[in-house]
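Here subunit A shows up in two complexes: once beside subunit B, once beside subunit C.
The block that comes next holds the complex of A and B.
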């Protein structure tokens, strides 16, 4: 019998805590052949990352491998002497992690670090050859101007680029076995789609077995030949992607499939409860540029154009979604809207009143009607204050109420967001992310605002908790008539709750329309690219291959002339590289900024 | 090398501004506080007329900014003035009115005599600090929470609680006077610098021990350090090429700030050991209201501080390219 590339037999890993053992992985068995892709899908906390590391023989304190073996070509990786394991790990085994941003030493050029690794494990490759090999690979993973990039530092790379560099790092020593641990998770959807495309491209000419681990079922199904479902440290189902989707055997797998968002399928589009023509928030041609020092020039500065002329209006009772990938300016915009920072140009009006002209007192009164909920539930709460007092503080700041009345309102509002009576005396420490986010909601809610700006409020939560909070938002809206502005990168979530959607790219709104139009008849190529990149299990109307070109989004410091999407747009025309398309009215409340809409505009006019 | 050029041009420009500000502050303060330099030079016996005459001759009655500009003009020509008190030979000559002004010691000469001795002392003190802090701090950082970490903590607690003047006196008494192992008090050769340097090192090392162990422990927790082992780098290489490099920046910055403390420590220690360096010169000049010497010392020690901090920042930026200045 020829030796299998990788076999895992009965592997159990425990966490040593307070003298006892907490099981993390239980009786996991796997097998992998050369040139095969084995998918492992599981939620956060299922033991995925522990398994991924155990597969490369990496089980460190406070974890212990209490039973089982991990055999790579017949050698037990867990029982090997450390020095032999180190050499094997760097050369025959490659590992790509989920966190490309902190995978390299920040103080050394990326290329040099990859060469360092090659030389540490392959005595047969000299420095010249190693450098040449790394340069070739950087080229092969489509890193533009590889020779220059070789000498650049990690902070000069974007997240997607760093993940490509990590792939080069893993491939540089010709591994026979490659572990990809959740490699697309921290990336923007379009960048993740490009990385997956690269992986497909590489696997056809790689002579390696790949274990591909991810939280996202659609992503695993996209690449794996076979897959296993991991839940609470145990393998609950072994299948192939096609079979699993068609007939999931285990209830957990069924649940996993059911929880995947459906975008183009059956669930109804949200209908505004009461679409009122009253404009609550009007944003008019708002611009924000940050000036940062340029260390390459004497007294030089660079301008980061974060928001470039954004206009939209939020009507009473509607849910407006603002979507875009990182760096598109959505967070800057939320800071401008809440007047944490002032725009360089343009006006923001809240209920018809220009915020810029407000006195400090008016501003305080305005803020009462206008609450911001942020993404990070951990740093938003004062850690040394019982949450009852945190919630009461909102009212104290705005004043005018006695202690009794405040206590009464705190009790009512905490009950409304689903916090228990005796939670009032608890400190934020020890509360889950979802609970903390409820406290934040209570702090905003107690002021009876009209408009809630949700800046990635649900992004840090797991899907279950996310769904519960969305229900809560819906209930609150029905009862209080709130207006929501959802700022998010999560298209599926926005699809579920928003009635209108604005799509942002590099500081501009490129498309603004009702949810149906945006998802079914998008008019801007970037919207199509974004939709094509969303990982879903359903058949998509847009294919990533047709909608998105290779290439990175340009930097907001150095914006190209013309349309900023032109470099990645499959439909780009010469005109797009010269002239920037304005946001034009296509009729029916649809707006789009693309030269392709020209004929339609003339028809509408 | 465009970065280095703009960096130094900009930082030296800022540095000159700092030195000017400090020297003007000291210049103005010296002239505001009670104690007329003319009286000090002429002694208590001189009549008021002679006193006024001398003061006017020396320009001491002009507006302070004018006096300062005049002083700066001389400094620009390399002339820091002459001491009010010190004679060329080294002895003090205050109070006598007959001595010619030309025989008083030039400030630049006084500095040139004493500064090398102090640099030698400071250098030795830094070597001792490194010998104490590097092993303790690195071991403490690598084995955070275990006995080397505790040893580092206890050692630095003890060092920080020892007053420098007490330690200096005890060491001089025991090591020099009683046991006669190492000479101290005064100066004849480099052996006389050992005890003072040791006292300064004990004073400075606790900060470096803590800073080193904290920044090494922090760096060890970085994901890239763990990942480097999965990538196949050996633990030794990870430590020498990556951990030390990343941990160096905070320690370097502490060093830049501690230069001030070093100069202060030198002051006290030189005085106690009667070590004829820059610190002793400063103490004497202050006690005797020797204005030109104090001004010269202020300009030179500020310049040392500024230059060392510019170098520290430059080296930090070379180590970690993310640092912006």
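The block that comes next holds the complex of A and C.
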């Protein structure tokens, strides 16, 4: 008799709290066959992870499965004795989680940990065969020089590589059923695109059924045969990707689709403000190298080249975007701009004045006109201060105002960013990320700055709150005439608000142009790769397959000679590996650092 | 997780316009342990400081006829000497109360001193880093390497033991622990985003150290310091016991215990009474300290 691989019928899971039950999943039913990919999409808090764990029979305190069954090849997983379930899970189920960084034991080589797992669940494989199997798999997930990597420790792997190792770990026992729980979430877009490409490749030669869970609709649509939409613990719609995108039935699904960014489609590009010739912030060939101890040698040090000769200028009233993936030097640059750290070389000028040459008093005055909003809303406010006093602190630092005047301004500015009067005595702890970010904005706004730098300010927020804050930024700009510098990894957000965009890769600006050119006629291969990797529901002008090679970004400690993107660039020429291309002016305010632009330059000249 | 969905709502519902300090006080006061501790503590301190003034019994007056009187709850005890008398006929109740006075004053002074000094050193070392950190921490290490008893014997035998010198010795022995703990939390704290945020706003180093970092890291350490009052009372008793604390005829816990030790078989109450007072004081201090710490944890977790 042929049993279905996995069926879930009427599953309800509750959370036991204070003696009562809080429903987490309600009446969930699913079915999965071998060689099929079932997508589950839902926002955070919709019960995805609880469902993912319930699928492998893992419902532990304080959760209880109050109703329903989970059948794996006819066996009821939830009713099984724990020991039998453990054995079944080890041999037939693979689980890939969202956090590869903490899934491995940091004190053991990666390869050994996977071999250990194989041997624990498969008695029929001996140590040598297990090692061979793991090596084969490491090769198959494109981990370069697998034999050497086998003996390396988790900290020597990058995030993307660890995720690949996790996939090996899950596949090593030849599972019949694979759960991928939000596997692309912690990764950079280009790395995530590479992982998705790998998963496409693997599914064609696996017999396993795959459950693919994600918050990102485009990612799920990309891989799933069928998908369900989960909202507040309930399945609100089941469909195929194509059908869902064409005709979403449930309002929640419609909302989910509407919330996805459109990059190449209809929404108008931000209108460049009246091109003000006034340069507010000028960054001139700024370089920062960190010296870190080399752990392989006594007293040895290594140089991390975080920012390598970056130049750009921010004009009054414009929105400049600075995009790049993690490790590209964005955060270092923001630290340099805010003058918390000093550059090794180069100059930063605020309204024409070199910051390095300022006296303490001038510096304090400059800080008033120049504010930076930090990324992490949970850590950026002093935890012991009621927020009213946090906001007041900005004014106290700069002095010159009485208690009453300060209280008056705090009240006004809190109202302006949408905080309630009652909030003044609250501690940051009880507030949502969005509210904390508003407090942060209020702290900067009260100083009436001219330039606001937003260092990933919105990336920790959910899309709704993000949209609301972007509206707030627009309103504030209209009223106060701010200039914004958005530092972000989120291309869609930058596309919405910025008039000019600088793209960074490994400490350098590789392309700088107006928003239209960057998105529609990118001149640098890395920009194209980045665009091809953005998860959107639209038909993209750039395909990841054409724009991005396998491989990881090189380490900023050990930069290769020549262009740093050469290793992943499909257009790399011999010259790229020897000589580093400079950022050249292509005319029309467009700059690009690639040898491919060379003929155009000579033609223009 | 679904658990996190409705939590902010619950918090919002309980959030009131009261200041955090007031909320924390209410949460502390609502704990029965705190009330018990406070009543006990006030009772002990009140008795220790007021009763000897009202009573006409001199704690140092000898009375050969009244030697070894047992406490009132034993056979032969009288209300004239509720806790009995010692080998020289001195009233143990009054002697213990005066001993408690000394113990309290010394231990509180020691804790205030070593907490203030240790925390300052730790905060400055941790925040400034570099050579300031190195110098301050080597100093701390040097101090830590001398055991308390040896330090006490050296200082208190060379100079005459007075309440002041006892305080200095105990504080000197105790501050390095506070410096170390404060430094390690400061190191973690100064990398937090809010510190960078304050720098960007233009806050000076001293503002960041004293108005931002200190209020965030010191309360838990201060709670430990409250519990340390108890430890310092014991150390004061130890110094008295080995004869290098406050000198007779002033009664201290240590000297009373040392005297009574010889008569432990026949008159066990002499050495036991100071112990009883010590126990009650420590109990009351610990009850209050623990209640305060719980209230602060709840405040920072956002549940009050």
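Assume the second predicted complex is superposed on the first by the 601 of 605 C-alpha atoms of A that agree within 3 Å, B and C clash if a C-alpha of one lies under 4 Å from a C-alpha of the other, contacts with A are read in each partner's own complex, and residues count from 1 in each chain.
The working rule: a contact is a pair of C-beta atoms (placed from the backbone, for glycine too) under 8 Å apart; a residue touches a chain by one contact, two chains touch by 3 or more.
Just so you know, these numbers come straight off a predicted model, no measurement behind them.
K.L.:
Is A:429 in contact with subunit B, with subunit C, with both, or with neither (first, second, both, neither)?
P.N.:
So A:429 only meets subunit C here.
K.L.:
So, does A:56 touch the first partner subunit B, the second partner subunit C, both, or neither?
P.N.:
Touch status of A:56: first partner only.
K.L.:
Figure out whether A:86 sits in contact with subunit B (first) or subunit C (second), or with both, or with neither.
P.N.:
Touch status of A:86: first partner only.
K.L.:
Which partner chains sit in contact with A:102 here, subunit B, subunit C, both or neither? Use first/second/both/neither.
P.N.:
first
K.L.:
Which partner reaches more residues of subunit A, subunit B or subunit C?
P.N.:
C
K.L.:
If we overlay the two complexes on their shared chain A, which of subunit B and subunit C does A:33 touch? Say first, second, both or neither.
P.N.:
A:33 sits against neither subunit B nor subunit C.
K.L.:
Have a look at where A:120 lands relative to subunit B and subunit C in the superposition and call it first, second, both or neither.
P.N.:
first
K.L.:
Intersection of subunit A residues contacting subunit B with those contacting subunit C?
P.N.:
Looking at subunit A, the two contact sets are disjoint.
K.L.:
Spell out the residues on subunit A that touch subunit B in their complex, using ranges where they run on.
P.N.:
Contacts found on subunit A: 53, 56, 58, 60, 83, 86-87, 89-91, 95, 97, 99, 102-108, 116-117, 120-121, 153, 155, 169, 173, 293, 295-299.
K.L.:
Would you mind writing out the residues of subunit B in touch with subunit A in their complex?
P.N.:
Answer in residue numbers: 2-3, 6-7, 9-10, 222-224, 226-234, 237, 241-242, 245-246, 319-322, 324-325.
K.L.:
Within their complex, state which residues of subunit C touch subunit A.
P.N.:
Within the complex, subunit C touches subunit A at residues 1-6, 8, 11-12, 15-20, 192-194, 196-204, 207, 212, 215-216, 299-302.
K.L.:
Using the touch definition from the top, list the residues of subunit A that touch subunit C in their complex.
P.N.:
15, 17, 22-24, 45, 47, 49-50, 232-233, 335, 338, 340, 363-364, 367-368, 371-372, 374-376, 379-386, 393-394, 397-398, 422, 424-427, 429-432, 440, 443-444, 447
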